[in-house]
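Step one of this worksheet: look at the structure below.
Per-chain numbering from 1; labels A, B, C and D assigned in written order.
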Amino acid sequence: MKPQNPWETKLVRDPLHGFIGLTEREVRLAGTSSFLRLGRIHQLAHSHMVYPGAVHTRLEHSLGTLYISGRIAEQLKLKDQSRAAVRAAALLHDVGHGPYSHLFEGVMQSLGATDFDHEAVTRMIVARDTEIADALGEIQGEVLEILGGKAGLLSHIISGGLDCDKLDYLRRDAHHTGVSYGVFDIERILRSVCAVRSAGEDYLAVEWKGKDALENYRLARYSMHAQVYEHKTRLIADDLFARAVTLAAEEGVVQKGDLLSTDAERFLPAFTSLDDASTDLRILTESKGPARELISNIFNRRLPKRAYELPLTAQFVSDSLRRRELSRLPKERISAIEGELAKDANCSPHNVIVHPQTIAIKLYERFDQAGGEEASSLLVQRPDGSVTSMEDESPITALPEPIRRVFVFCPKECVPRVNDLATRIFGYRGIYTPPDT
Amino acid sequence: MKPQNPWETKLVRDPLHGFIGLTEREVRLAGTSSFLRLGRIHQLAHSHMVYPGAVHTRLEHSLGTLYISGRIAEQLKLKDQSRAAVRAAALLHDVGHGPYSHLFEGVMQSLGATDFDHEAVTRMIVARDTEIADALGEIQGEVLEILGGKAGLLSHIISGGLDCDKLDYLRRDAHHTGVSYGVFDIERILRSVCAVRSAGEDYLAVEWKGKDALENYRLARYSMHAQVYEHKTRLIADDLFARAVTLAAEEGVVQKGDLLSTDAERFLPAFTSLDDASTDLRILTESKGPARELISNIFNRRLPKRAYELPLTAQFVSDSLRRRELSRLPKERISAIEGELAKDANCSPHNVIVHPQTIAIKLYERFDQAGGEEASSLLVQRPDGSVTSMEDESPITALPEPIRRVFVFCPKECVPRVNDLATRIFGYRGIYTPPDT
Amino acid sequence: MKPQNPWETKLVRDPLHGFIGLTEREVRLAGTSSFLRLGRIHQLAHSHMVYPGAVHTRLEHSLGTLYISGRIAEQLKLKDQSRAAVRAAALLHDVGHGPYSHLFEGVMQSLGATDFDHEAVTRMIVARDTEIADALGEIQGEVLEILGGKAGLLSHIISGGLDCDKLDYLRRDAHHTGVSYGVFDIERILRSVCAVRSAGEDYLAVEWKGKDALENYRLARYSMHAQVYEHKTRLIADDLFARAVTLAAEEGVVQKGDLLSTDAERFLPAFTSLDDASTDLRILTESKGPARELISNIFNRRLPKRAYELPLTAQFVSDSLRRRELSRLPKERISAIEGELAKDANCSPHNVIVHPQTIAIKLYERFDQAGGEEASSLLVQRPDGSVTSMEDESPITALPEPIRRVFVFCPKECVPRVNDLATRIFGYRGIYTPPDT
Amino acid sequence: MKPQNPWETKLVRDPLHGFIGLTEREVRLAGTSSFLRLGRIHQLAHSHMVYPGAVHTRLEHSLGTLYISGRIAEQLKLKDQSRAAVRAAALLHDVGHGPYSHLFEGVMQSLGATDFDHEAVTRMIVARDTEIADALGEIQGEVLEILGGKAGLLSHIISGGLDCDKLDYLRRDAHHTGVSYGVFDIERILRSVCAVRSAGEDYLAVEWKGKDALENYRLARYSMHAQVYEHKTRLIADDLFARAVTLAAEEGVVQKGDLLSTDAERFLPAFTSLDDASTDLRILTESKGPARELISNIFNRRLPKRAYELPLTAQFVSDSLRRRELSRLPKERISAIEGELAKDANCSPHNVIVHPQTIAIKLYERFDQAGGEEASSLLVQRPDGSVTSMEDESPITALPEPIRRVFVFCPKECVPRVNDLATRIFGYRGIYTPPDT
């Protein structure tokens, strides 16, 4: 019998990549409680309310991210230890996510956390979870450096303009939702990825022959953002959930104290006990107040409808200062407007939602602007070795301004009244169509 | 603006069929609590422990089944009311499923129910759920007849050898797991499906031009059964769950009385309060006994390993009477062996599982044997109008015997001892490989 | 047996659309010599020299175009006669193509034809070919009007910014080449296509719900142009072929007199006797001169290499007047430069090619600019019925300037010398890499 | 810039495998005239008359075969030289094919060649073509051994029950035709392929974990044979072509003397000057007799129709001796019947075709029967290292008898008369449907 390839001790079937090989260490990591919890967190929060197929999990995506990171590591001919570390970092990059992923970051903010982000929690878990630490062994330090953005090129593989995370999820989300927007030529990118050096630091780039695939990738990224990730129905359900958790915390059903604790020993068990369903069900079974009703509304698809939509463009809001203002409504002002609308329209206050939305058009970041620790520009290496960025090479460009608009949602029966009131409050006539269109 | 097609009041994106059109009535049905609950029941129970992508739900599948039924109805040129009824029946055909779908039928049996099946519950819900009844309106009676197998051809569309259920799930399961086994030429089948008459009853068949696609379909069905649906890891997790619910019922954590009640008013609320996660979490939070541990083991992937596998073939068990006997081990005998193995191997009794498996090779049913209410044979209409069955036309055939084997699973550390003991108890040396292979 | 659907008298299997249904008339049309000749003309000329899978034919594409036109006709609820006419026009829209499709239009120009285009030949064939006329019967007149751009909306279905031609070939070319660039959400577009009215004329548009798919489509169109259709290897082979035919005409191997005749009786038989292979083989077997060598070079993949590439951008050519000049080199000047290069580099003159390339970025045409008979803008109908264009709705835009560059190709062994000479002649240092990169 | 992987000096885009990497030697081989000629030979002869997409070439398939052989070589950890040799053998395995591939073997037989097969020509070309010899260099000898079936395992990779040829073409043909029959889990097979030893020789097998994919593969192989490769329309066109070449040889249009010469110097140039279109066009332009008409009929889709089909089964032909007889009609008898039918039905003799067809059900070959030089059984290695064959493991089996039938085709207008006459001559009533069904 032939000798085992240590990078493929075990093979896992994947709808995108065919088979994903795991090392022995990775098999252990994939069996830890912290990792398995990702199997109970949806990749796309409430998107399945729009796309019924979109119930895939962060666990599946994390395995896919490992695969991509491994392909990049091979392409870059990384040494075995770095390759192992970057793969482990890819596998674990999402373990710090709360229920419904990114959504929970907003929830934590509402609860009063400052500077909460899932990446910090990821690092906390990788640093402290004993199961994970045992499985990682001697590469734990390097994995933490990578996840902390301090490992240069290795960190860029995990998080940057072109990283293993996005390379996996754009196509995976397309596969399970059934849209064709997220299709790009991943094989071409993986075969042309390379490292380039600038100001003493290494960055991820693609060789010239991969330029077209990179263009394709950034257009796919834009399309998925505009067309899937920011879909309004998902957004409403997400808002209801966030509101429910905040209310549940006020009731004591969700342990706010623990979640805000700076003591990891207290914070982590509270945080990791939460996944999508466990949070929903805890609120459903324990809350006596409106939090319960909100979750029940999500379960039973009783979602507020769009009563008002104001695109913050010159066509709708001619005054540019006012546009700016409306795009930055402070939280207190939003709450006040919500209260006013609910009262005047005489409808359930918790189901009136004012939601300013900003969709950045991620086509135009330039290398020199991208700065900071994160190099989010898309770099291309010319045949002569010099480096350019996609933004300079492509004739395709995007408006410098993100797409901004203000939504107001409310229960179906109040839609006409709320539309009138919102038009009055904001001072502009927005887009208005009967709820069912 | 163009007049609306009433069969497509709303379009839902589907990874398999592109877009699925819904009538107004169907939109209402899809918004009922009973239907939405299917969004919290996995299509393939614990298969995601083998195939991480396989977390898709009965809700998604039900929409797909509606689509297929609509295509068949169109192809057969059914009248509008029948078309509406068969579509509604397709949409609702799974609402009677319990947590983890088919698995819960076994659980109910363990609890003491006799003749429990999800189809009867489906009909009970369709008959009594007021939300559903309101949405169905005047077609409720016809839908119940279809679901009850009393509507001839219309019933065969929902359940038979070739039905909208299987036409949807075989390919859907392939899509989300990432296997290619379930791929067959659905478009060809949908375009050649027709009705044939025999002994005064109409049956579903395909025209001669669809014969090859039908062959393809039955091979795909066989492959998915042998290779996905009966995967041993899923089987173990399923067994643990079933055992946990039975134990939880003994503790009173799951309301056995309600579940066994013949009073629908009592039975239905208890039953429909259960979905995959809610059952898991109820046991996890309320059980004080081994039930809790079993669910926790599933959550944390601490699954028993295969300690012994005895194929019931002449090669392994030369005595044919003994083969027959072993394939029909009574429940009490299984429990006794489990107890004996756990005791003698000195390992946790709840994690020792003896599982006789039977995989019927669904290639060979003949029309004249299929009988009863269900016509499970695959019929083909010849160009001259006469009818034959796939079994008579195809050179491909299957052994008349199903694949049978006896598995023994136990905690990893007891595997060698349990293998010895099982070999002794069953009297035959089975297949034995170290747990990790 | 069920009554036949007249639109599906016959079903043809298609790799893109599954099955394509044909009426009896369409079956006859598809059996005419003029149509079958399309089975001997590659869709993508010499692209198979880059993408080995790209040998698919205009015949396959024409069937696909018929399918799309039928879907649009159904969506627009056209009356049966218009539906039949637009489908026939779609099926026949390419019958006027010469060998290697668009490439032959350039050849005709080189031979001295003024205003030759394949669409005029298509109309000539549809008007005069008796087999086609017989099959068309009473719809011949309407088909000719559609193909002549005189049938308003029906003409726009065949040719416009969003037409059945492009909707088919973008994805078909992607399928057979294996690139993922041409993937867009065709199902969404087909389900949201509608007619809008402006200044008394009907145009094709998509409803608001199809806007994202339309964006996706125009990005796919751009990608396929930049990345597949304008690939330099194809371009060289195409140039060699064009040159060979011109030389063969000088020798009398290709009947120039017939091809330039304004007498259809003389022109048509000469023209339609030519397909890809018959032209190649006629030159190979009958030419005694350099034409033979050029075709032989294509057959044996002895293609000139890129010796010089000058992007006409400010970075490479700072003088904008000079950029303009270089992008519009007159034919005589090109020939002169080619002669000079061949002589000074001492290499075979027929294998030195100067090729100015212009790739229009087809993202930015505006409705008000599109004008003329052709409405090439992409229109979107808002929910309130008003009409906007993709260009006004999308944040994605393109540089107003097309991509322009000047290529020089020559035999491998002359590359370094030709590079030097070209740099001198054009006065700018271009991109230069060794032939194999 | 990173060091080049020598196995991927050049990447070619492939619709099936994404990218195919080539070594420098392989780039040279792929540029030889003998190889490029494969770009003018259809993979599936006249199948495009049924499946318009099926115009893909032997060149594309040969590149795909190279890819698969490379994956197998990698999986088996072959040494570099063997890997290079087996890849080259895969790339070149089809260079000996004549026009319309396998069809030409029958033509050669009709011309009087005994024991002609394309594999012998392949070896002749690899041995004598100087371009190929130069590119192969020191591995030429090993490549010839592999192609000659004398290199044990390496030969089995190229030709056997499971070989790189079939692994490529089954799926490729499915891709371009648009059928879903040929889909199987190639990735699983490639990842589990291994070498096993029996009686001192190595054979290709798959590991136990690949058993299901192997089952899937053999079902796909069966389906493609029964449903695509043996389609009757292709068969008729193929028959017309074969007949045309035979007639053209009688006229001297095709050089029979050269083709039958045992002198390679004479044979090879004659043979390799023929490809699909060049043979068609030579006959079209040079033949004065019926050969010309037959090719013209193919070009213009004037194909004979099925007038009679007699399945050689007990149901149609109860006498088993007679069945045997009919399945083995000698050539002279076939010609005599054709003549008789044409005369009595008063129709063009060259368009009356009697075609006995035999479709072997390739599911059931056993290792012990497979014998000879070719090991066509599908072997599986058990976890304990012992070897079994698919036939012994699978519950799916096939009738031992191939599917046999006798077709009679003739011009449409003679169909009814020929049916009567054939029924009389053969003595049994066959399947008869009007030509258009």
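To be clear about the criterion, a residue touches a chain if its C-beta (ideal position, glycine included) is under 8 Å from a C-beta of that chain, and two chains touch if they have at least 3 such contacts.
Given the structure is predicted, the values throughout are model-derived calculations rather than measurements.
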item	value
Higher-contact pair (C-beta pairs counted), A-B versus A-C	A-B
Taking each chain's C-alpha mean as its centre, the one farthest from chain C	B
Inter-centroid spacing, chain C versus chain B (mean Cα positions, whole Å)	51
Averaged-CA centre spacing for the pair chain C and chain A, given as whole angstrom	41
Chain centre separation (chain A, chain B; CA means) in Å	34
Multi-partner residues of chain A (at least 2 other chains)	18, 179
Overall pattern in which the protein chains touch one another (line/ring/star/complete/other)	complete
Residue numbers on chain C that touch chain A, as the complex places them	179-181, 183-185, 212, 215-216, 219, 222-223, 226-227, 361, 363, 383-384, 395-399, 401, 403, 431, 433, 437
Residue numbers on chain A that touch chain D, as the complex places them	1-3, 11, 18-19, 76-77, 187-188, 191, 194, 209, 381, 385
Interfacial residue positions of chain A with respect to chain B in the complex	12-16, 18, 31, 33, 36, 39-40, 48, 50-53, 55-57, 59-60, 63, 175-179, 277-278, 281, 299-301
